[in-house]
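For reference, the structures are reproduced in the following blocks.
Two complexes, one shared chain (chain A), two partners (chain B, chain C).
Our next item is the complex of A and B:
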């Protein structure tokens, strides 16, 4: 693999990826993971707490250096070029509290060539959030909505959404899921990490089950339904039963 | 992208910097007011109060500039920590820019902020000297109208006698010292930013780790500074033993050059540490 963009390269390829935390008793958070993600899919990244989902997502985004193995996005290592094509929603609120919503929109428009201000303002209006509101005056849930609007207003190739609906009310969840589907283009892939499987099941094409840092299952939702005769939520409960 | 990054860094730093400059301005104003309460005639009744006012004003100004200087450094360190290693780091590190560009933007903006504060301190120092000069030293005229002329004369005297006394022209000394100050400022900022990054190695106590790293690095720097003074001491002892008159700059120049080179070396080392920590050792919680 070189660092040149090739359309032939898979959107995301993970080769024998490991992450060990020396400060946590050499705990292996991700263990020899191999994965190839194509374009045009909505994928649920599922697993119990501490199974390595967020660690994996951080490594894909270049926020964490792998202990061994490699991540390729469009055939490139995580870096400035890969960050141009990934739109990432972390589970944390990363907005600068002193800024106004409008200033955050300008910030994203300044740095991401694929960011659409019109789309962002339209979504803000739908959710009744004032662009002039200062972020420190907004509730945690509203900040999460703003963050999701910023991320989904990009025309990215890969969207990685870590717990996008965890902190919002059920009514807003429906809107957010609609937003994800409406803004999704067939050449993009969305990876959704969440515990609220029943809420997102209807929008998923594929699911990835992780256990103890390893890939346990990567299959389509249709395959689970036809082969197991169960919903993804029911199958998840069965697989991860304590 | 560098320009855009600097623009947003500056937006984040400008307001706290303005507050610091405001505090410096108020400290200077109060100091000037205290200076003007000093009785220039020093009669028996007021002389005690005058001395007390002078000491108070000098102390107030001294603590004002130390507070503003340290405060600015703290503001820079906190901003760097927050935007690089806390939740805001998720946004910073997912921007489509190289890490070296990110670091360059943060360093340039921080250095500019600190230089602005130093310029502010230099300006207030001139104001304080002006206040003392007009109010105390210029008793005979006791009017500001002669001040320009007298300052001109002072600089003329400095230019003429400076080379003879110090072995370097006044202009060259000011230039050398200005370069030295700018390099020292860059080095100080790089040290602070580098230590914030080093503190990330202590994953459970990152802030304490940064403070410990800072004191460790400063201790090493102090030791190196002490070593840098050795050529000056040796020249002074030799000159005294041989009853020679060596110009002052000739005595202190090796120390200043070693210090300058050391400051450059520290900046480079800290830059490398920062880059390493922001790429290979990045671990956002």
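Our next item is the complex of A and C:
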């Protein structure tokens, strides 16, 4: 059953990727980015505001077209096939406010073959969210939790989470991180962007530092700690000191 | 409850130490099964690959033995466990002396402080015992 994972192509490969937004002059949001992401890793995508994290993520998900360069997921361009491979949590909510949580779960189960309703309901229960609640009655943080539950209930190969923990309380944050750890499987990779580095540092294998649209550093958390004698959080504050 | 980890050292090294303490103190007794990497990673709130790396180090030191496809057990070699315990005690003592010297104490002053501390603790314990009586 593991045969499908022995394909030669890396899970995610990014070649000389650039993105220029036309109405922003010559400003390059992503600038000659090269990156190869293997399976079985939990990776933090870090960088100051406006450094191109979300633009990069949107190109990986096929929501933005690159100005030049290319993204390959399992050797394929982003498209319908890659959406089967990637479970994506966008930076803002796209759920239909009038729907109940239960309807949202049915909707996802209908849409994605790899969606596990059982997993979704068990996570809802752990976080004390009623499946009968309508989304518009939920607080901002609870909505974010629902959305993350939907994304994490898939058996995807690549999870891309854009700011997954920013709006939720510390206790739920711990639960979410534990969920990420217990769901870990050596055939899939999780990329998550965040500013809350100290909260997630011990959960990460590797970190990607971006600066002005370029890749600045791609290394392991323990490499930073042993070479710099400081946490990734402290190192980030030093590297990006204003 | 996540394990308490310092920010300035590699995570796997800190986890390794905590696992060694558990083995030396008998939380994981000789010859007993260890929890799975995944369970311990969840308990410690750390990445499973990091936990795996700490386990690999434990295996290399011989304190832990992998049973193919079944999991890991603590070694039954109690001498090896005693040796690990002794080594940890030496490390603790060294760091205590380093810290005390930084405060400006001479070695003989440190020793007499330790002696008076153990006396105080013993007296305090006696006091508790006599109160209970």
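FYI, the second predicted complex is superposed on the first by the 236 of 242 C-alpha atoms of A that agree within 3 Å, B and C clash if a C-alpha of one lies under 4 Å from a C-alpha of the other, contacts with A are read in each partner's own complex, and residues count from 1 in each chain.
Rule of thumb we're sticking to: a residue touches a chain if its C-beta (ideal position, glycine included) is under 8 Å from a C-beta of that chain, and two chains touch if they have at least 3 such contacts.
Values in this document were obtained by computation on a predicted structure and should not be read as measured data.
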(message) In the overlaid three-chain picture, which partner chain does A:187 touch, first (chain B) or second (chain C), both, or neither?
(response) neither
(request) Could you say whether A:93 touches chain B, chain C, both of them, or neither, answering first, second, both or neither? (result) first
(message) With both complexes overlaid on chain A, does A:41 touch chain B (first), chain C (second), both or neither?
(response) second
(request) Have a look at where A:65 lands relative to chain B and chain C in the superposition and call it first, second, both or neither. (result) first
(request) Answer with first, second, both or neither: which of chain B and chain C does A:111 touch in the superposed model? (result) first
(message) For A:137, using the defined touch cut-off, is the partner it touches chain B, chain C, both, or neither? Pick first, second, both or neither.
(response) neither
(message) For the complex, give me every residue of chain A touching chain C.
(response) 40-42, 174, 177-178, 181-182, 184, 198, 201-205, 221-222, 225-226, 229-231, 233-234
(message) So in the complex, the part of chain A that touches chain B is made up of which residues?
(response) 23, 58, 61-65, 79-81, 83-84, 86, 88, 90, 92-96, 98, 107, 110-112
(request) Please name which positions on chain C make contact with chain A in the complex. (result) 2, 5, 7-13, 38, 41-42, 44-50, 53
(message) Residue numbers of chain B touching chain A in their complex, please.
(response) 1, 4, 8, 12, 15, 83, 87-91, 93-98, 101, 203-204, 279-284
